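First chain written, first letter: the chains are A, B, C and D, and each begins at residue 1.
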């Protein structure tokens, strides 16, 4: 049987929309959906964030926690401040907790983004009730498929051992582009090169 | 524990898009999705039928059978013939089997529609691997919720006894109208009056 | 200066949504928009007919007359009857007059469709206040461009001689297909062959 | 005959997407469309800016100049910097020149926004070939109507005296809200109070 690896803990500078910081350890027992985004990523604004809002409205909060993660890897001056993301969250009516991913002192993508080896934004991550990685999608994801994956994880007992959700690394994002497309913003090669190395130390 | 009742067998005049007639009995072991529609129902054309097509494209055919059911209860002269529905299926690229619900000799809604006590079109019905009724939705249904319901049914063993999917009689369809709205076409009161009587003999 | 040719008169079997038959001659002095469609043409249902409805809601009825023309060239048994188009008009809330194009005794496309040498459905035709052809579009047409063309024609005096609206034979419809696409339904080659001959006798 | 007043000159801190600053005086002879927006205004991102892009793609550049105006009246820290708007323009593929409206030293809305007495964002302004105000729309505007208004202005001679385009102060924006809705972001009352006074000195 396939062994499921634990999801890396969040490494967040500061939180919005929540009275106290969140940790995956503290959410154990619930399914967790992480919506990694950037406020200036059109694909995040058009479909990633509205989809996360629909998930929060559709499934019981006792079963699933929806979390936004602001993973800024470009335009730091424009979207890197707490004031910028706070204004964005206010105007776009984001109702779930949002953590700001911690920037690396060495440059490159922020630390949680690196720990998950994300390819860009939006990235949707599903973690099961036992804190294990179950799915990671970069780019557009259909509601039908997402609803099915969430229901599968919710149905699992908090103590059972479960098979893996099929989670191919899909994504209609242009594989060669360094800019954002309608589907998402891909990490440029210059940032992904050191990423593999860092991942091993975080995961 | 709640007892689940068997889904009434289909009573169909003729089939399209399939080399041989279908029965629920013959589909035992699979989840079955029935999309009841009328070709001149805007809510069916806009969202009910495209949603059924997405389901067929998303889930394995070994696990779920998607079936259209043409339940004509108005405009019989316009949409009641096999030629009419065949032309519609061709132009709208409907790829799943479609049965034409059998008209009642007594007037009123067609027989399968009556057996399921449907309120109008579109109506989406989910039947589990054991042939039992699990959900019936009239009007618009979100993909997230539908994906979750289907995954729940697919995950069940063909021999297990399972709890009921929550399936409230939702539907944004105007409860007073006798015409179609953007969400669907409701059975007029004049047709639903005899319906209760018939239902008891079929269900 | 380019000479503008008169728009061929409508040759209609019967009218719906109007107390008396319409003629282009009787509408002289107004701009006329003809939306040629088939009730089983997905591109007509999705964008052609809703666009015609928006035109009727946006511009003064003293300036422009919006007319539907049911130009059945396929699936005659399904969509060729008055009952079929009447049911369709009712369910889709078409509020403007609709004429049923007269079928040819020789086979081929109906007579008005032939007189205008239409390539398929939807086709949108603009006729100026003096009854002259000004634009003919097959397939999808942007609202911005259509609004501009209509305003140009409305601004013309009923007696002035005006330059032609630029009306290239656009259309994103697959030029090789004989079936309907999302954009429209093209006349098959077998029907367009005799079309050129007939056109000369009608135009 | 109604007298048309000259459009107030732009008062802009800096320009993007253009090699040299623009002035209305320098654009005399062309129709000018000004799209006033804020980068964190959902109604601007969803429909105002895409509509301006469609206008630029549809009409000849010899006839109409499309200009963006970044009129920041809230969230100055988040969207007030040149870096912020530059990143936004890059990611959202805005191809027309964008000026940053000059902030007032006295507080309140920026100066061009005040000179035009705009109610919020998005606001679309049409100026004729002679530099005169012809239309000002706050909130959502249909493409059909906009296409008609633009064509009317383009058709006017650069030297003729023309009647006013009908330009009611429409807008589906919630009149009581101080936050953004799906349609736009309205100036709060605390900012509009001093606005009337300022307007008279600018207009």
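In this text, contacts are C-beta pairs under 8 Å (C-beta built on N, C-alpha and C of every residue); 3 or more make two chains touch, one makes a residue touch a chain.
Treat the numbers as computed from the prediction; the structure is a model and nothing was measured.
Novice: Farthest from chain A in C-alpha centre terms, which chain would that be?
Specialist: C
Novice: Could you work out how far the Cα centre of chain A sits from that of chain C, in whole Å?
Specialist: Spacing between the chain centres: roughly 50 Å.
Novice: How many Å are there between the centre of chain A and the centre of chain B, using C-alpha atoms for each centre?
Specialist: About 37 Å separates the centre of chain A from that of chain B.
Novice: For chain D, write out the residues touching at least two other chains, lowest number first.
Specialist: Residues: none.
Novice: Does the chain-touch network form a line, ring, star, complete graph or other?
Specialist: Shape = ring; chains linked end to end, path closes on itself.
Novice: Run through the chains and report each pair that touches.
Specialist: All chain pairs meeting the touch criterion are A-B, A-D, B-C, C-D.
Novice: So in the complex, the part of chain D that touches chain A is made up of which residues?
Specialist: It is residues 40-42, 45, 74-75, 77-79, 81, 83-88, 90-92, 179-180, 185 of chain D that touch chain A.
Novice: State the interface residues of chain D toward chain C in the complex, per the touch definition above.
Specialist: 54-55, 58-59, 142-152, 154-155
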